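The two complexes that follow have subunit A in common; it is paired with subunit B in the first and with subunit C in the second.
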Partner chain A sequence: MATTSMQLSREKRKAVFRKVSLPYLYLLPAFAVMGVITFYPLIYQVIISFTDFQTKDLLLQLASPELKKVGVQNYVDIITGGLPVQNFEFFRVLIYNIWWALTNVMVHVPAGVLIAVLLNTQGLWGKRIYRAIFVLPVVVPPIVVGTVWKNIFDEQYGAMNQFLTLLVHLFGQIDPVRIRWLQEYSPPIPWLLPNGPLTLAYYAMMIANFWLGWPFMTLVATGALQSIPKDLYEAASIDGASGAQQFWNITVPLLRPVMIPAAVYGFTLSFNLFNFVYFMSGGGPARSTEILVTFAFDLIRNLRLYGVAAAFSVIIFFVALVVFLITNRITRATESYTEA
Partner chain B sequence: MASVTYENVYKRFGDMVAVDNLNIHVDDKEFLVLVGPSGCGKTTALRLLAGLEEISSGAIKIADRVVNDVAPKDRDIAMVFQSYALYPHLSIYDNMAFGLKLRKTPKEEIKRRVTEAAEVLGIQDLLTRKPRQLSGGQRQRVAVGRAIVREPKVFLFDEPLSNLDAKLRVQMRAEISKLHQRLQTTFIYVTHDQTEAMTMATRIAVINKGKLQQIDTPQNLYDHPGNLFVAGFIGSPAMNFFPGKLRKDNGRLVVDAGDFVVPIPEKKAGPYKAHADKNITFGIRPENIHDENFVPLNIDVEKVAVKVDVTELMGNEIFLYLISGKNTFVARVDPRSSLRVGQQAHVMFDMDNFHIFDAETEETIR
Partner chain C sequence: MTTSAPTKSKNPVVRFLNMNTSGEVGGRDLPLWRQVLLQLLTLFITAEVLFPILYIVTLSFSSKTSRPSALELFPKEISFVAYQQVLDRPTANPVTFLQLLLNSFLLSVGVGLAALLVAVTAAYAFSRFKFKMRQVLMVLVFVPLLMPAIGLSAPLYLLMNSVRIANCGGGVTAFYPFTSCGASTGQAIFNLRDSLLGVGIAMIAGALPFAVWNLKGYLDTIPKELEEAAMIDGADPDQIFWQIVLPLAMPQLAVTFFLGFIGHWQEFALPWLFLTQPKDYTLAMTLYNMTGQYANSIPWNRFAAMAIIVALPVAIIYIALQKQIVSGLTAGGVKG
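And now, the complex of A and B:
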């Protein structure tokens, strides 16, 4: 009797083990791949952020005899401005970066919603064509967008200056317009961001990124608009709401639960919009439009400071984490109104 | 407090005629129910009155004022939607107060009206909640409450009970009737459920394919349907129809349904005499067909041979599904009936209560 019951319990234990271990077995391939391409570089980066890793160490990596442990020196240098880099103050770039992302979203969301509402007008002709067209910027790679807009804002032959020249000619001005969009350093509105110059390049990039950014918001808003029951507008019109009142009392509050996550997404996208910024202004003039990720790239590409760049990336990670936690809270705070 | 009039109202959607020459006059304080099968145009008729659709031609009057070009908000109406259409982001209080706020009603006045309406409907405890926290029945009350606080001239209901379960529907039916008595206002109510129409209306307008079929009190519609459609639509289970012929047999007028022949009593034969030898449809309600052992006293009956197909015991009555030749029909008989499935038997047609329709025009012959 005793043996059978023991055998039984062993069988049972095996079954339980199989039941518990099976899910992990399924997860193993994914974990293996993630380990190689995500976790390993992550940990490696943290390790070299505490060293003076440079070009000389590239061959032997961590085994390099010349690799020195420098402790938190890289971090201290970044934050206190001890880097051998011109025009770089960490907090100025950080604040500009946040400002850049925030102002972009503040323009994209209302514009996206407005365009979506206009395109949603009943009896509008060619709705499908417009909807197909405005997806275009979403699918064009930001590198292409950055390069094209860089050319548009070129001082000599850019379309923007040519257009403005045409415009001033109409008013009798003869001289061609030669605005140095991406080179001029003195800020046109000095008080707008007191701790750093908001150069013309910032405004040029806002315009270019507007082109890039609104279609996504319109896309999201269009979907959300179509999910608002028509009944609500009818009830409101009987209740006495004018078109504008319906917009503010129904459309806006019912779009909110959809648009806030979209805005959060847009914020993080603009916050780390590397290819666009890098190809349009390269962070210039004088690093005035530099964002954290473009600066990190510059540390390696031009200065070959791998250790510092690694430390910088770790800092960006924590900045991004804070941004994520805040936005996540905002997103969760906006409950969906969908009826159960 | 107002009458409502439809005058030669048409509504076309492209080639489709949704409302076809509608003429209805609804008196002040009346409870009119528009009833018909789905897609018959009854909801469109209501939406025309609300101003949610524009009429193609004709005129709609509220309190003798033509409102064709008046915006919904200026028609002094309130509407309860099938989906309730509560504003999901507003609390129940704000849902009810919304229309009043837009009309710049003083705060205290809003509060007074909302609290009053909430008390009438028994939803005082729900005022701070959001619509999604409410059950279907509660939402329905809020939708009614939102209409009440506006104190409109006319209340419009668009199938308000169709999303509720059967029990709640019966309960709300009674409450809406009570509300009508209490408010003493014109109610116009759309439903596809003839039971709702029968139980609540002071008058019913039966609509089919965009056309008004008949408008009358519930009892008159039931007893004297104007045509085949109304006869079949009002009443549950529906009236039985038998295609047949009127013919003279030994000087008596008889209905020849092929499988059975029933003579028409002399006292009722008057209007049918002119239609002898014409194709007709003979109609008789299930409750006017009796088990031969339980025939009420003092009625004229005619015996018809049948086979019992299905029996449904309801407790207080039995539904018999019967076959006579190629005709199948329903009888609602005394629960003591001993007729069983498969049995050959006789049932008695009450020849004091039948209807005869012209086979071509489908109009009642009378």
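And now, the complex of A and C:
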């Protein structure tokens, strides 16, 4: 009797142990991998951000006798512009980065919503064809979009200047248009962003990214538009509301809970839009269109200042954290708005 | 098994294309002048969308290597010379197109599968089990998602670079960082940093947290009734996972894989940073080379053909993805 009950309790204990340890067993593969390729590198990054790690230390790394501990010097140099790098001021790049993401979203979302409303017009011919065409930019990889638009904005043979040439020909001009879209440094509207030049390249990239950005917003907005009950509009028009009134008082408030998360997503995406920026302008001319991630990449790949790059990455992490906390708050606020 | 399943799809592309418009066609409600006005507007937008596409397609069908001096949006000739040349010899380097394609595929598929394999059990644990430290561990998986991929590339570059195999001479092989050749550096045989394997491992660092969160989000939506029924029938948690949840999650695993594939296919920063040997280059790197500092030596028709070739798999997968999701939603499930 006694032995069987003891066996039972041992069995039971084994089962309990299994039940308790099971979740961790399921988590083990992911955390083992992340430990090696994510958490360890993150710690390593913080350590070398306090050193002058350069090519000379590549072989022996932390054991290198030439590796100097420099304290917070890298961080100070980045913030105060003490880096041996031309045309880099941290706050100019940071503010340009925020401006770049913000202005992108500010044109993509309204354009996307308006085109979605246009496509949703009752009785519009050829809706299906238009939808199939308008989805195309979403399907093309951004690296291809970047390279193609880079060539479109080529000074001599680019399609944009050729198109403008055609236009000015209509008005009797003979000279071909030769705008140096991606090379010209002097800003066309100097007062627009006072602490840095908004070069022509910025506008060219806004145009190219607009091509890429609004169709996604149209996708999202169309889905939301379809779920707005039609009788709301019918009731409004019976009450004598005009089309514009219906748009501002029905469509806009009902789209907001969907469009704000989409806008937040678009902002985060544009904020770190490495491939597109690197392929289209490479951050030029003179780093005027550089964003944080492209500069970090330049620090590692071309300048090979690994210690500085590590410090810069730590700063990027905190910038990303702040951006996340703010955007998360905005999304949360809209969530409670829909519940109310 | 509901007929409205396709419109419930999470993928906005699928929802957009499947949207039912049949009840609205006809144009009877719309006065003609407004119809014409709106048509003009939509045609203008169509022109904006098609402008770069027509431009690049026209370029790619040109047999001339020089750039057109005036705007051409419709091909004057249909020539496949540029495509043929790209397939024959894409760059000045002695690398075949097949090699580049293979490298791109190996990276995209390998990283996608590896991330999925490692992520799926973790996603299940987060979705279904209650355990100590759950919140903390979830935040730990979430934190790397905050960091842009470039933000981790410096330490990954350095750490991978320290994993090397060298021939010390005299039949001695050193495996850095565990054994070394001593004073001499030896002759390098293999450097993890300068290999597709190393790039792949570095890319998994970015892909894994995304896969965990994406799959967890999906598993949360699978109703628990099936699992509870299985539990009553005496199935243990392992059986429930392998025999019930995993088959149910298959469509979403496929979707996550293909979404990852689309991203990895365009991955540029890490390969461009890590790889130095032309035999390891990917299609994305080659495309960049065609527009970078050597661009002037590369004919535009070949560049255009290359751009279209790189874009094609992604575009095809978007279309294939649509079918995946729709069938995934209509097969299986407790609803209906």
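Here is the rule we go by: the second predicted complex is superposed on the first by the 316 of 340 C-alpha atoms of A that agree within 3 Å, B and C clash if a C-alpha of one lies under 4 Å from a C-alpha of the other, contacts with A are read in each partner's own complex, and residues count from 1 in each chain.
Everything that follows uses one rule, which is that a contact is a pair of C-beta atoms (placed from the backbone, for glycine too) under 8 Å apart; a residue touches a chain by one contact, two chains touch by 3 or more.
Just so you know, these numbers come straight off a predicted model, no measurement behind them.
Model built by superposing both complexes on subunit A: subunit B and subunit C fit together without a clash. Once the two complexes are laid over each other on the shared chain, residue contacts for A:G240 go to subunit B alone; subunit C is not touched.
In the superposed model, A:P110 makes contact with neither subunit B nor subunit C.
When subunit A is checked against subunit B and against subunit C, the one touching more of its residues turns out to be C. Using the contact criterion defined above for the overlaid structures, shared-chain residue A:I250 touches subunit B, although it does not reach subunit C. In the superposed model, A:G223 lies in contact with subunit C only, and not with subunit B. Once chain A of one complex is fitted onto chain A of the other, the partner contacts of A:L166 are limited to subunit C, with no touch recorded for subunit B. In the superposition on chain A, A:G123 makes contact with subunit C only, not with subunit B. Contact with subunit C, but none with subunit B, is seen for A:Y157 once the two complexes are overlaid on the shared chain.
In the superposition on chain A, A:G71 makes contact with neither subunit B nor subunit C. The minimum CA-CA separation between subunit B and subunit C in the overlaid arrangement is 9 Å, rounded to the whole angstrom.
On the side of subunit A, the complex with subunit B involves touching residues 229, 231-232, 234-241, 245, 249-250, 253-254, 256, 337-340.
Within the complex formed with subunit A, the subunit C residues making contact are 7, 12-13, 15-17, 19, 21, 24-30, 35, 38-39, 41-42, 45-46, 48-53, 55-56, 67-71, 117-119, 121-122, 124-126, 129-131, 134, 137, 140-141, 144, 146-159, 161-162, 185, 201-202, 204-205, 208-209, 212, 237, 241, 262, 265-266, 268-269, 272-273, 284, 287-288, 290-291, 300, 303, 307, 310-311, 314-315, 318.
The touching residues of subunit B, counted against subunit A in their complex, run 50-52, 71-73, 77-79, 81, 83, 85, 87-89, 98-99, 102-103, 130-132, 146, 150. By the touch criterion stated above, subunit A contacts subunit C in their complex at residues 19-20, 22-24, 26-27, 29-31, 33-34, 37-42, 44-45, 48, 53, 58-59, 61, 115, 118-119, 121-128, 130-145, 147-152, 154, 156-157, 159, 162-163, 165-166, 211, 215-216, 218-220, 222-223, 226, 272, 274-275, 278-279, 292-293, 296-297, 299-301, 306, 309-310, 313, 316-317, 320-321, 324.
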